[in-house]
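Notes for the one structure printed next.
Letters are used for the chains, namely A, B, C and D, taken in the order the chains are written, and counting of residues starts over at 1 for each.
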Amino acid sequence: MKYITSLDGKEYLVEILDDRRISVNGQIQEIDFVSVRGQPVHSLIMNGKSYESYVYETEEGLQVLLRGRLYNLTVEDEREKRLRATAGAGAGTSGEFNLKAPMPGLIVSIPVNEGDQVEKGQVLLILESMKMQNELKSPKNGTVARLRVKPGETVEQRQALLSVT
Amino acid sequence: MKYITSLDGKEYLVEILDDRRISVNGQIQEIDFVSVRGQPVHSLIMNGKSYESYVYETEEGLQVLLRGRLYNLTVEDEREKRLRATAGAGAGTSGEFNLKAPMPGLIVSIPVNEGDQVEKGQVLLILESMKMQNELKSPKNGTVARLRVKPGETVEQRQALLSVT
Amino acid sequence: MFKKVLIANRGEIAVRIIRACREVGLGTVAVYSEADRQALHVRYADEAYLLGPAPARESYLRMDKIMDIAKKSGADAVHPGYGFLAEREDFAQACVDAGIIFIGPKPSAIAAMGDKAVARATVVKAGVPVVPGTEDVGNMTNEDLLAVAPRIGFPLLIKATAGGGGKGMREVRAIEEMPALLMSARREAESAFGDGNVYLEKLVEGARHIEFQIMADAHGSVIHLGERECSIQRRHQKLLEESPSPALNEDLRAKMGAVAVKSAQAVEYLNAGTIEFLLDKNDNFYFLEMNTRLQVEHPVTEVVTGIDIVKEQLRIARGRSMSYKQEDVKWTGAAIECRVNAEDPFNGFMPSTGQIVQSIQPTGPGVRVDTGVYPGFEITPYYDPMIAKLIVWGETRAQAILRMRRALEEYRIVGVRTNIPFHQTLMDSHRFMGGQFDTRFVEERFSLEDAVENKESHPEIAVALATLVAHQQTQRAAQIVRRNERDASNWRWVGRWERMHR
Amino acid sequence: MFKKVLIANRGEIAVRIIRACREVGLGTVAVYSEADRQALHVRYADEAYLLGPAPARESYLRMDKIMDIAKKSGADAVHPGYGFLAEREDFAQACVDAGIIFIGPKPSAIAAMGDKAVARATVVKAGVPVVPGTEDVGNMTNEDLLAVAPRIGFPLLIKATAGGGGKGMREVRAIEEMPALLMSARREAESAFGDGNVYLEKLVEGARHIEFQIMADAHGSVIHLGERECSIQRRHQKLLEESPSPALNEDLRAKMGAVAVKSAQAVEYLNAGTIEFLLDKNDNFYFLEMNTRLQVEHPVTEVVTGIDIVKEQLRIARGRSMSYKQEDVKWTGAAIECRVNAEDPFNGFMPSTGQIVQSIQPTGPGVRVDTGVYPGFEITPYYDPMIAKLIVWGETRAQAILRMRRALEEYRIVGVRTNIPFHQTLMDSHRFMGGQFDTRFVEERFSLEDAVENKESHPEIAVALATLVAHQQTQRAAQIVRRNERDASNWRWVGRWERMHR
């Protein structure tokens, strides 16, 4: 099975040869990969070197936390890569941003109104959790839409709060 | 639901009244009982006192390990109790004893042969596990039967080894 | 002599206090909210009573219920821990009125020191230097404060009078910012302490936050156990503490220690407390506030002095003389504490909640972990994000840093994101290693991203790991689909099983 | 100066050594058997290489493979830990021949001390008192030993010349028992050390087992770090160790320490080692043997002296002078170590195997846990049953005992049975508390059952717990049956899910 894995704009061609060998950009590497089902902790011994890391799935791809450093990667198989190439590079950045609650908590205040023009970095909402007030900011310029919550409400993790179009 | 629970020859009548109350020998006790599925650790708050214990199932009943002390108990519901009373007290002690491997290991030697008369406490088999040699003894007088293993063999936990009839 | 202690707290500090009580043979009574039925302090205590729903206002701040439980259980002493009711004069007074020993100072001392404005006035009278700010005032309105501010000068700090832990604290660079910041500071103070009062203080720039541990008994003895360096902060929250401070020498320690003792004496202090100072670049120091309770970071002092502060608190509360005189207090080696918080350092330190699925604590020589969480425990949004304190001791500060590095790398917490990578990066920072930092260091001169850039990178390993994980998921998904084709009703169980299997 | 250390061991001691290496900046190479792929030492090391199948003979005793891995990985030093190859002269020699530093004594010292019979002869020449027994003999046949036995007198001990940890040791009360016991001793020694040689030693009755920690560097300095009391044993296996010993005073410590140093000097000893003595009721002491390696119970010495013995071993192996002179060694307070074994104290201490499902370690002030296991790890029958060492420190022995009590009660290990209840009962024993015990105490004068009888009993609580658990099972079984009636194919998943869900 062949994959194209991207890290910091650089693409690596990775082939899973068998249980004990992979090839990265054509170089064969001996591996011993162990993971515990349902847990994001993985142990990899590659050419005798022992690494242990957390690997998290996010909406954008995979995050690898290795020795205190976080790597953001995307992994595609060849078919996906071709499909994406045909469709043209992702039109993602200009799309709609849906603000979801990053954790359960209490809406303290919403300093914006529906229809407001907001700038990248502007505070959209203040959420209190674990006795700390957290400012949730807009990742882009745009217009506030679909405001679904009110100050004083408690929200669940990942609950939709508002959108910026 | 009513149960008869025995400890050291003494019987206790226990009734589960609801989620928060049980009665033990007619005395109502307020309880808060929490256990983790699949794990033998249980937390019981009874009338404000907090206890935590391991409860293990064995062939003979239940073992409760509480503050460094082990209690051996049997629990029967009323129907079971009546059935047992009708059938006459258990004829168990004179029955056959099946020696099973208490842990995986290597059979070091078997100082008895099929058909041998053995006494209670006599060594039936030596099993090596964790670098220690363990002597497995007969819990009763009787005759060795159905010797199923040979010295040098490795055995799995709970594998049948021999019987004493 | 009391026999049974009610611990009016939760989490690691409740566990810490239960341990001390057990080691001196005292009975323990835990209280808990609905969110904490499975918490370690409930499991470890001799007795445990439900307070109410998860929010602190309905549970750990319910003084009335706690007093009822104390009476019902026959507890004859109360230990408040830190936070919640620990610095509430009325709670200490309620204990006194009920004939229950409050393990801490007298209500009058809490009142004098607990209101930060009164505290300043009190120590000034005793000749202790303070940071310039609003003096002798309790309930100042926003108008009053806006009027006073220019006289103090900018930059300045808005601080909650009932404050602690950086809550309700705001930095003001110019008068224009002040109205909005006053509002948010009061809002946060009100929510954290039930008291929206604030005061102003000049911002001492380039300052270190140095605090002294004080112990005082009922026989007139007041001693200090040396300092803790607490300058590593973010949003006025301490993240790391150490003892001794790299900025102090023996002379300065003796001088500041003497002032700390004097400050405590000014309010006839009893039991454990902490005097916080700002120390500027020229070794000038200013009284900041006194925390009239056990401090989160007390273990670094325990580790370098060998003194069990909580046991000593119990001893003092029982009316006995302290086990130590000032000259008995000796400091050996260096200790560092990292606060492990459930928050994502790569995403603006956003709090992270969820069930702890696995936790492997670092152990071995010179390592101590104080925590109230374990696998299976749920981290909820109701309380503080601090889930553990990792404390190490080394013969020297350098050895303590090296030990902390290995301990941080060993620590595995699965189920929530933690700030461990932040601490790992900090341990690699040359400024931290050199002891060259002030209270603004983390926010102004330390960037996790920049620091990480300079660390050894393993891109190929990350690539291999991500690809292997993605591959594994693809394979498993395919298997599930295949099973599913045979028997659609299995789907639900497979999914659950996949999540649960370990 | 070496840079990378291969750790030729597994379990907690491999983890312990990796920690020390990491804290001084040395690279680490782990080796592992097929049963240990998920072991902590593999997860924590910088590099890890497979040795072979689970049995030690095919993995951790495979000297050839370990030397190959050392060369392949570029390791320039080897730490053998304890057990396995730690006291094999040929292994130390193989390292020397390959130009790899062996972190331990010279092969000649291992040879002199490793063969217990030769060791006795060597120290006798240096004027050190020994227990009467077979002298100057290596390969005695059963006939020789049977002939010599009456001259030594009964009771006597058969001991493995390559021995340690009580393996291959048998007590003989009369000549008639001896042939059978010789056979079983040789069999056990052969299986444990690959060497069936044994010797005889008079059994000193009512004796304590006291050992001294020795450190020696290449610059001629030899010091001792005080004693460890190791009389709490069962089947010649140490179960609990402490420092200091309740039986020693300062004079006796100095006297025995000096003899220990002399014993080490007799073989030009280098690095860490332990001199074991028997101490009788009249303060007479006899050299028993020297363990030419790091000892399981080294942490109690670390805790009372503040000296990191493994780091000091690395320093010595690098050819540097020790960090301490004899007069720098100070002892503070008291330390106790309980060995936590996977065995059932209520069922003849039968080993217990299985997967660790949960593990909550005691933590807090003065507590250290050295372990290689964690939730998810499998305890197999292939290796030693010791899964953790629980070490506590207290200002006094009494405080250490109280602390150990609370730590034992906190410790939760789910998945295997452990001997923690044994230790809990021991901590309640008046004879133990009074320090009144010898090496036969556990077997002859301490009964878990009797001791338990005297403990506070909670029959009603046990009854409630058992009934609630039984009730819960009945309810769950009923639910499963009901589900099953609807959809038989779910059965398998339900069962699995039930087991896995936490």
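Here is the rule we go by: a residue touches a chain if its C-beta (ideal position, glycine included) is under 8 Å from a C-beta of that chain, and two chains touch if they have at least 3 such contacts.
Because the structure is a prediction, the values reported are computed rather than measured.
Mean C-alpha positions place chain C and chain D at a centre distance of 38 Å.
Inter-chain centre distance (chain A to chain B, centres taken as mean C-alpha positions): 51 Å.
Work out the mean CA point of chain A and of chain D, and you get 47 Å between them. Between chain A and chain C, the centres computed from C-alpha atoms are 31 Å apart.
In chain D, 44, 358, 376, 409, 500-502 are the positions where the chain touches two or more neighbouring chains simultaneously. Taken residue by residue, chain A touches two or more other chains at 36, 49, whereas all remaining positions touch fewer.
Taken pairwise by the contact criterion, the protein chains fit none of the simple patterns, being neither a path, a ring, a star nor fully connected.
All chain pairs that touch, listed by label, are A-C, A-D, B-C, B-D, C-D.
Those residues of chain A lying in contact with chain D across their complex are 32, 34, 36, 43, 45, 48-50, 52. The touching residues of chain D, when paired with chain C in their complex, are 15-16, 19-20, 22-25, 40, 44, 299, 302, 306, 308, 332-333, 358, 360-361, 363-371, 374-376, 395, 399, 402-403, 405-406, 409-410, 487, 489-490, 493-494, 496-497, 500-502. By the touch criterion stated above, chain C contacts chain B in their complex at residues 30, 37-38, 42-50, 72-73, 376. On chain D, the positions that touch chain B within their shared complex are 167, 184, 187-188, 191-192, 342, 346-348, 350-353, 357-358, 380-385, 408-409, 412, 414, 420-421, 424-425, 428, 452, 455-472, 474, 498-502.
Every residue of chain A that touches chain C in the complex is listed here, in rising order: 1, 3, 5, 7-8, 10, 12, 14, 16, 22, 24, 29, 31, 33, 35-42, 44, 46, 49, 51, 53-55, 61-71, 73, 75, 77, 102-105, 108, 128-134, 157.
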